[in-house]
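What follows is a single structure, written as structure tokens, with notes after it.
As written, the chains take the letters A, B, C and D, and residue 1 is the first residue of each chain.
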């Protein structure tokens, strides 16, 4: 599609019953590629290494994504300030660069750009509603749209600010079936977001596809029971995390440097796409752990509903058919749907368990231990944590 | 390093006792990014999507690789002919494009270019020595260097051809501790390659790091027992595959579309780098499944020996130190080496086993079933295979 | 204790705050010893092989049990009639023999005898309340007391019949936290049993200790919330079954011939005893899968509360202390509580999953498929089942 | 068979090509029943609780065993002296009682009695050949026959002593495919035992059936290659232990109190019986972990070869056929061989690994740390061991 050509808006698409595919997770994938630092997870690469960010945008576009998210995760100034962005880039510079990259790539296809407004450290440190809203307003000077909240209250504030821009607002929470960190149920969370003005509600990150679809189903029930209506979206992890508690994958002992055995296959993703679609969720995407081929799997599963295959399917035989000419006959015998659907893949790790017990010491918003750290934890402080950790194991 | 500046050759480096880091696996990573088709695994992306190949080269360079392999896997004409390269690109065009890309990126740093000569379908179909050598010669019209053989005899032929170019020859086999597919032991394989003229011998692909290091140790013993001397290299999978038999990971039921739970962590890679180095292997790299952060892990583990950290370490805190400022104290408690070294990561897949039984119907070189397929297997032929497969399970 | 000496009754003990330990599972253990047929699980061994039954009674007594259950599981006539009891023994003969054996052994120590009234096939086949009560009455001609119901309604009928005997009535259901097969919650089930006259309520069989204790906690909450009071008991499986659904372990694919990897250790049992006690459950026993050393583990964990160790502890060092003189120092190093408490024991089965998906085709009481079979399923009928089973997998 | 009736001797049976079934493991099973103390594992129960020992003998006989082993494991005086036999029973008294019990039960059927001569602590403490042989001679004053050696040299001494009795000598080692603790291969071990005069050679204990059969096959190859001939026997663990190293299951972290998840199923045992038989091993039995139903599974698998089913099969439907009348149709669908043969049973323990790393600090015969302990390890000594253990983990 030529740059400048009029595209249907996100709501036009959803209102028309189209399936909209989101893209995947940028920070985790760019971390693996060497451009994002795990821990801070700040997006300065948009300014520092634009070709790397552009390439990943293109891969998701090519995989079938209709929405390209600006790579602006955690770019609010209070994050950048204390999370080790040692370059001279300001949040505003990074956001502008990120928006340019996303628009550039989105215009190479029929995709929309979505800007993200994120949970703020200030909320956890109990700054006031006015202060938190001011931070959101600052983020949206440049762009507009959505997500990453663990408390519905903070998300409501964000939606209220975003609505003043006049653009569609999609609001996603990082919650599971048990609800937000204050115990508000998914149904009630969704209802509050709809009432605050959100046009699309759903969940993103923190939980695996199975859990995330289950949660959005609960949201849908809550909204429909109240006689309201909205669109639903889901952007789960690309990891299998059945062992998560309410806090999500951050509390799993493997976060963030040993999640590999949990990476989902393309077949897991096809199953996820089908389940989400069947549940009436029409904005279907991914978050941390999603790689371009995961997004392509969503597009292939829903090719009939969408009416086309994504560009990247030129390099992918449906259900393993690319193996039909393999030299070994027993590998050729894998060129079929039934084989991959039934396979329970081994971990290759017989000394490892299949589930973990989440960490977590029972603290929540406002607790001294969760105050945003201004400086790196000292070795003495770490020593205390390590001992505490050993005791909690 | 400026383009054109004189770089130390591979043998100068190894003779001087330097650690040389190889890059990682291109076909598997580019498949996930949407540019390579699994099954044929042909490298036409070098011509079709050069920016995608260039980007991955850069990521490996940035991660610390001293050698950039040309993306020419399986580009011999007999492969391209029957493996579904439906573009108009010839093997020669692809090889030239691939060499240009590799050189361009290698010259952005202090890295060398390695061209690859691969196992040919013709050998499995029992073409003569002269025919197979002619194919090798055709491949090296453009470039020079190494690997991917399951039979030492075919590798010897390749080394003999390559030696005529006057360039250093590195020869790697895809074998495990049990030796090649004809039962030649690793020690004998290595000795034959050294005698054929190889300057560097080792293994690549097919087995995980633990197995690969074990195999190269056996090679080293064989060479040293015969009073010979050479350099050793290792480029294993980025997957945990303790359940492989002699045929390697292709026979695992998860190959190639459900290997995710086997992906190794960065900590596994640091362990691998240390073990390889301690075994006297100084050319250390990766193959299928290796991503840039895996290569970076090798570079970080051997930073002291090499005298520097790789560029990509600007975005990576050693041993999890990037977590020191995380909001949650129990995540901060993971900012230490002991934590990650001891962690046995869960698969998140309680319905899956931890090991698989390899497939394989006892056939080998020359068997009718292994003759290179000229056309896609028909549905009827596949039906026979599926039934045979069900019976063998 | 001399035969005939007056013992404190079960209610006197519980009212006085004593911990009462139940015995374990007879049918599963006697099946392994060769005296009970899996499938029918009828108790004719009480008449056929009294020395085998007596020996197991003695082992449980010696392990610390205060209650010896008569080995009369499924001895109602409608069971015996159609479940392959090909001997000439009538239900009455078997029941009398079983009572004699239980009394004989109980009198060798300070233990009580508990007779069991079981769930009837007639209920599943929708016989009337009067018919089912008549079957219960027939069972108690000889003896009195408790359990094994999946529907609280049937259990209520049993309690009402038992109350007419004037003896204490303990009523246990085979339910989990989701409630009975009609969806009645554990709290409501317990309340209904208390109101029907039960002196002790709880759960037995079908679920593992973790699940069973959780269920009885819910029962306790339900009873206490209604302002009622009763004693609580728990007699779970000796197997780990976190993957059970509402129907319990019978639906697990491993039931009944491949449950071995799920057998709990003595340390699991000590943990269970502590959790049950801490939850205010004072009648603590076991069911299928419990072996004498499991019961001893309960007695050892609660030795302080009970004031004594069981007889069988003469042959057991607490927390592995029997290893203190082992020849190998690394085995001696296992002679401590911390070691066994922390150990996560391996299955030795890397090709097996850690959890299963329960079978179950959505049928329930009254469905044609659950009508009690009068004759062995024919090969034709089995063929239909096998095909259906394959489809459901 | 009437007491006193002439039975065919063990060699007559084997020479005639009959399959001889051994019984199972006494110490582990009696430990679970409360009559043996884990750690010392001394057999004083033969004197203390003869009814318990008699009952287990009977169960193995009923399950199909042709040989009843006297319950005299570790009854040599130097063991009894320092392993906590606090009763007044001497080794001689225990041995006599054990022989009486075994004979009594064997005479209830067509079974033979086998007395056991065990590995001595004195050997590990480097007592001389004469001293060790004197201990053996003392053991056999009362009875005669076989096994439990980790060093072939000690076993040879035992065979030489036993041969002087004129009775058939069966000699089994506790070794795996890697050979004895001094590195003598299974083939060489077997040959030495044959040359020392053993009539039957094989392995018992320490390894699982798969490993044990593999080892005896190696023994057979060694004996046959040398042109010798003998009978072979195998008596493996009833546990799955693929993760054992040369030292066997004692070094597994789960030994001896958390081996439950490794218990083999009856179907595993049928497979074992078939493999042993097919390998030409005709004396097939079990050791630690074997329960009566395991022995019955051997007898059922080989019913055709032996010409009859064991007595205990009256209570066992072949291949799950006992389920044919089960109320639930999906349980009836398990009444078939294919179901149980293919089932990969779940552990129900998602937080546990499937394999363990064996302990072991590299010590062997003669090391100070292996000297037989005269007294219980003191708390101070244990502290040292625990610290060492933590360091070795």
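The rule we apply is simple: a contact is a pair of C-beta atoms (placed from the backbone, for glycine too) under 8 Å apart; a residue touches a chain by one contact, two chains touch by 3 or more.
Note that the structure is predicted; figures quoted are calculated from it, not measured.
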| item | value |
| --- | --- |
| Neighbouring chains common to subunit C and subunit D, by label | A, B |
| Reference subunit B; chain at largest CA-centroid distance | C |
| For subunit B paired with subunit C, centre-to-centre distance based on mean C-alpha positions, whole Å | 57 |
| Whole-Å gap separating subunit A and subunit C, where each centre is the average of the chain's CA atoms | 47 |
| Distance between the centres, which are taken as Cα means, of subunit B and subunit A, whole angstrom | 32 |
| Junction residues of subunit D - those touching two or more other chains | 243, 344, 350-356 |
| Interfacial residue positions of subunit B with respect to subunit A in the complex | 31-40, 51-52, 55, 58-59, 62-63, 82-84, 121, 124, 208, 239-243, 250-267, 291-293, 296, 311-312, 314-317, 320-336, 339-340, 343-356, 359-361, 363, 369-370, 372-373, 375-377, 382, 385-386, 388-389, 392 |
| Partner subunit B, residues of subunit D touching it in the complex | 344, 350, 353-355 |
| In the complex, subunit B residues that touch subunit C | 243, 350-357 |
